[in-house]
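Okay, so subunit A shows up in both of these, paired with subunit B first and subunit C after.
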Partner chain A sequence: MRPFELVVPRSLAEASSMAGKGVVYKAAGIDLLDRLKERVEAPEKIVNLLGFRAELARIERSGSTVRIGALATLTQVAEAEVLRGGGFGALLESAGEAATPQVRNRATVGGNLLQQNRCWYFRQAAFGCAHNGRGPGCLAQEGQNRYHAILGQDDCMRVHPSNVAPALQALGASVIVQGGKGERTLPLAELYPKAPDARGAEHTLQPDEILTAIVVPVPGADVRSAYRESREKLSFDWATTAAAVRLAVADGKVRECAIVLGAVAAIPWVAAEAAQSLIGKEPSRANFEAAAKLAFAGARPLAQNAYKVPVGQATLADALEAAARR
Partner chain B sequence: MRHPPEDGTPPTFSRRAFLKGASAAAVTGTVPGALPTAPSGPTSYAPGSHAITLSVNGGERRLEVEPRTTLLDALRDRLDLTGAKKICDRGACGGCTVELDGIAVNSCMVLAIDAVGMKVTTIEGLAPGEALHPLQEEFVHCDALQCGFCTPGFVMAAHACLNKHKNPDRATIQHELSGNLCRCGTYGRVFEAVERAAGRKG
Partner chain C sequence: MNPRREEHEITVGFAGNAKKIKVKVDDRDLRPWDLETKFQTVGTDQARADGVAKVTGRARYAYDINLPGLLHGLIVRAPIAKGTLKALDLEAAKAMPGVKAVLATKQPGARIRFAGDDVAAIAAETLDAARDAAEKVRMEFTAEPHVTDVLEAPGAPKLDQDGEVTAPWPERGAERIETAIQAARHVRSATYRCEVQTHSSLETHGLTARWYGDRLTVWASTQATFGTRAGLAGTLRIPAENITVHTEFMGGGFGSKFQPGIEGVLACRLAKAADAPVKLMLSRHEEHTCAGNRPGAIIQIRAGVNDDGKITAFDYRCWGEPGFTGQGGGTRAPSDYFRDTARRDTQDNVATDMDAGRAMRAPGWPQGFFATELMLDELAAAIGMDPLEFRLKNDRNEVRLAEWRQGAEAFRWAERRNKTPGQPRAGGDPRWLHGCGLSSAAWGGMGGPGARVTCRIHADARVEVRNGAQDLGTGLKTVLQMLAAEELGIPVAMVTPFVGDTRDPVGPASGGSVTTPTMAPAVRHAAALARRELAARVAAKLGVDAAKVACAGGQVTVEGGQTLSFVDACKLLGSDTVEVVGERFPNHQGYANSVAGCQFAEVRVDRHTGLVQVLDMLAVQDCGTVVARKQAESQTLGAMIQGVSYALHEQRIVDHLTGRMVNGDFLYYKLTGPLDMPAMRAILFPVANGHTNVGAAGIGEPVAVAPAAAIANAVFNAIGVPVRHLPLTPDKILKALARARRV
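Showing the complex of A and B:
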């Protein structure tokens, strides 16, 4: 790590006012320290938000929503009493299986949503690409692309690395951000670019905006959700494909469905058509597999990641089945 | 006084001896603390050394760190607590596991300054003096190590697991220890040792 100044702001407004060139915000720093150690980033100043943990790590229900402070750890989310019950299943599973116990004990949910992608070309000082600003194109396009995107790629093959983003998005979550102009709330989907490309940022926050909370609507009594992911190892690994689903079944037919895929596109990938195709159908394995086929119909695999299509389909069908059985 | 370069420049003599000498020198030198950038401004730690106090294994330890110093480097290079191992230095192996307020974390992914005000427990603090903690005794009894390099991390992760679960079953132990890697493959005996220690505790 190169030397930097570490500043401890006394208020969020003060933190926001510190934005500028060479300045980055830090929560627990799990993702940031990794990038600093790899020397792919060398900020002059790091604004430490961890001091706001007392206010910004609470997980509380108020009325028909649960508000999750952005500094709550993944462990706190996975073990939160107010999130018990089938409706939040996808969130509990995604937070509880991410990374390792040690990382979950430290990593914040806000940091998980805003972490940078894990493309090995993007994250190594030795490689320059259009996305890290040190090269002209995408090295993964023709290079080692086993873990890269199969859906919606433009000129950058990165995939979104967050476990909890697909789950929160499937549950209809919003995020609250605070900036110099005050606070605003936006749907989680809008935290990420609509058309992610190489030169654009991985999130849509303004430089002076800080993610402070995630607001999740409490699912209805008949709503179930689940999260499943495929990995090369049983634990301690990044997902190769992931699926978060929300499902409501009434009178033996699917009444409501949302599907958001992880690790297959540069943003959490909404499979709206596949979700819609299940409405009015029986929650059977055959129907789930048909919907999963549809979710990956537009896939354009690279040389080394065609496996993600059948594996992703199976992961999604498993997630749908797990939700239906809750 | 400067810390040794982090760019891998080989020291001309023992790194630890050098650091011991350096920290002894620091006691007599002026030790600037964190200074507010303005009379009523936010606290700022400029690049360079700062004196902080960490609560480690029940004692208050004063030491010098840079803003970029990780808790792991502070423990090993400043406080001579070399039980926590620097293996991957990326939070991917668990060898550096310590407890912060009783919860297992990767000390390589925590800035030392962020640990101020929290209770740090390292493998050296599990049992007083030469005595062994029951977990350590069971690791010995089960022969739960080969080269032993990952062992301090495993013992700390297991300790945090037993803080959290009174009587964990095998699946719970496996889940709680899933952040630790052992390249010798002693997992089975590690799980056995933790089960036995849990039984003694219960």
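Showing the complex of A and C:
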């Protein structure tokens, strides 16, 4: 990596005021360190946010919401007492299965939401593409694409890498960000571009904005959620597909449902139609599989990732079944 | 001069199949250990001699060597996969801050053979300064069209949509095999494929070099200290005696580290040019792309079998994928099934513009065994015979025939095998398909002469054994320690082993599973000489006839007189340390010149997602005399783990537009992890082969031959259709399941 200035701000306001060209905010730095070592990123200044751990790593319930500090580690989330119960299942599972125990003990939930994608073209200095700004198009389109997008892709085949984003989004979470103009709250879905493209950023934060907390509504008593992901191996692998679902069943019928898919599109992918199709139906495997088919109906696989369609369908059906059984 | 030989009658073979043979042994050597030998230390569980140093981080690897004024080296590499270096300008790089030496490794006009071929080398005060300078190297190339997809390469066979080779069988040697194929009752033909696997040594290639005038010391990550010394002497044109190579510890080689390599030579050259020590270790991406690999292979087999299960014809041809050299991609089918079968073996290489293949743990064997053993299961299925019965019918290796039986019983083969392939277990989760598979294992690995070991006994009764070869990580130090303790009749803790310093006596390169079988007889011989010398010294001190004093079993006994403990006897040495050098005499004809093994695997396959999980594995393996049991078992389990990884996960993925590997890391180059590991058992099958005074045989490679084959057969048993292309990733499993549904 190239030399940089490491800054430890005294307050969030000070941190926010440091924004500018060549300035990068860092939480645990797990994703950033890889990019620095590969030299695809060479910031002049790194603002270390970890010093705010005392304030920003708490997980607390207040009223009908749980507030998760952005610097809480994935392990903290996975083990949080206030998140016990079937309603938060998707969040616990997504945080508890990410990467390895070592990574989970260090990685923050905020960092997990804002990490950059792991496309092997995008992240290598040797390759230039439209998204990394060093080339004209997308190299995965005609190149090696077994781990790339099958849904919603247009001019960039990257997939969203976060485990916890689909789960939090399925649970209807919002995020709180602090910038020079103060604090604002936005639905998690709006943290990501609505129509992601090659030239655009992977998130919607302004340069001076810092993600400080995630607010998750406490699910109703009859709400259950679950997260499942497919991998090629069980230890330390990126999901090939992932599904987070929220489900409420009343009188033997699905009353409420949300489905958000991971690792299949450039953003956490909301399968609204599939979720809607289950309303009023019995929570049976057959109905779940039908919904899963619908969720992937618009899939446009590339040369090497057609397997993601059946695998993604099975993973989603599994998540729905797991939620229904809670 | 022919050595004088003494004849010994020894008992060889294995329990239930013991035979007495006469061996002629150099009369300076010892009577070989055999089936009747009662051991005190050999064959027991002992903690690894350097285990504490390794787990506490005190062990210093080449990577850990930090010297005052150390510079960091790197290699500037070509981004194109094929062409010519047109221009090279190093001036801007030389002018960068912290840069101490810049060398061209190629001159304009030189060929570029693969993406990553070396062009220049830089040493600087920090690795980052060297990387900054590398970005200032101006290189121009005349690029030529390259081919990195083996299927697109000249000479590659055409495959149809099912992956089957379409080309006719060759003419050469056709007559006999065609006749046998025509005569066979059942004939099957199929094409198998293996992707390129990289060695993925945790410690990358490289070394730290320091010059003292015209003398050179290097700390190398190598599996051949003496080969590295010879390689450096030849390339740098300095006398070998001026070079010392240290490899006290090393972090994996698997066949890729026999030479100093371009990285090692450049470290020395940079150190000379900069007049300062230089460390040059490859990056992970370089390790994957510029330091060798296990070649991929396309293997076509047709075989004929009779109703009774006898294989009558076996026609094997392979197109290996060894990279730019176009050589060394050969694969090896098992031979014990085909000793009286009409057989043909055709080997071709397909060159691609990629890094050259290198030896990797049983080079060519895992590919050939995967293809052959899966074909055998397909044949067995075609005639409705159990795969184990099919092996027992055709295997002509008497050791393995015993191992098959022992393994099948220990694994409960008959009970666990899926009787209805493709169908879930009765009463079980219908989603998961279970299956069991097996494979033979084989290798040579008997070692050879030439090695020597120094043994010293000090007055404090500490015993030192020294050899300059390296411990590849297999446990050589422990082997040396245990054998010296056995021969001297003293506790293991009194012996300190030293390896990996070329100032000590010569030893082998760790390749071909020869290190233990080569070193073991030499250390035993050294300890025996030391024992005799100690007795002679005691006799002199006590003023008795040397013939009346003997040292054995940890005691020194004077005939008709006193008995001294080993410790008390050593006290008499004072400052006159015993120092002897033991020799490794040539192998004599013993019981067997190869080792045999077999493995069993159970898998479950998620029919929805295509995920394969290996649940259980068993290896039954012969490695001659088991010296250090724990380390031998650990080697066995390690090879099985690497085999699971090869079977399920590992593959080099190349961007064919640029010729660059896209997964040259450990994120997408997938190595199996703890959660993917099966329950594993290693049964070491005791064989006395009597070919040396110890009779040890190598175990590093034979075990690596079988896992992928056993796992692929287990998947076949689970899902009912063979998946003939490694690794067995979910996409391939789902495709096979879909095809099975269509059929």
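Definition applied: the second predicted complex is superposed on the first by the 326 of 326 C-alpha atoms of A that agree within 3 Å, B and C clash if a C-alpha of one lies under 4 Å from a C-alpha of the other, contacts with A are read in each partner's own complex, and residues count from 1 in each chain.
Just so it is clear, a residue touches a chain if its C-beta (ideal position, glycine included) is under 8 Å from a C-beta of that chain, and two chains touch if they have at least 3 such contacts.
A quick note: this is a predicted structure, and the numbers were derived from the prediction, not measured.
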Inset, instruction - Considering only touches as defined above, state whether A:F236 meets subunit B (first), subunit C (second), both or neither. - result: both
Inset, instruction - Applying the touch criterion given at the start, work out whether A:R2 contacts subunit B, subunit C, both or neither, answering first, second, both or neither. - result: both
Inset, instruction - Name the contact category of A:I30: first (subunit B only), second (subunit C only), both, or neither. - result: first
Inset, instruction - Using the superposition on chain A described above, determine whether A:K194 touches subunit B (first), subunit C (second), both, or neither. - result: neither
Inset, instruction - Have a look at where A:I46 lands relative to subunit B and subunit C in the superposition and call it first, second, both or neither. - result: first
Inset, instruction - Based on the superposed arrangement, let me know which partner A:K21 touches: subunit B (first), subunit C (second), both, or neither? - result: neither
Inset, instruction - Applying the touch criterion given at the start, work out whether A:P101 contacts subunit B, subunit C, both or neither, answering first, second, both or neither. - result: first
Inset, instruction - Examine A:G143 and indicate which partner it touches, taking first as subunit B and second as subunit C; both and neither are also allowed. - result: second
Inset, instruction - Kindly classify A:Y307 by the partners it touches after superposition: subunit B alone (first), subunit C alone (second), both, or neither? - result: second
Legend entry - Footprint overlap on subunit A, where subunit B in one structure and subunit C in the other make contact: 1-3, 234-236
Inset, instruction - Spell out the part of subunit A that touches subunit B in their complex, as residue ranges. - result: 1-10, 14, 28-30, 33-34, 36-37, 46, 48, 50, 75, 99-103, 105-106, 234-236
Legend entry - Residue numbers on subunit B that touch subunit A, as the complex places them: 6, 37, 42-48, 66-68, 70, 89-92, 94, 97, 100, 103-106, 109-111, 113-114, 157, 160, 175-181
Inset, instruction - State the interface residues of subunit A toward subunit C in the complex, per the touch definition above. - result: 1-3, 39, 118, 120-121, 124, 126-127, 139, 142-144, 146-147, 230-238, 240, 304-307, 310-311, 314-315, 317-318
Legend entry - List of subunit C residues in touch with subunit A within their complex: 79, 128, 131-132, 606, 608-611, 613, 648-649, 653-658, 660, 662-663, 667-668, 670, 672-676, 729-731, 734-735
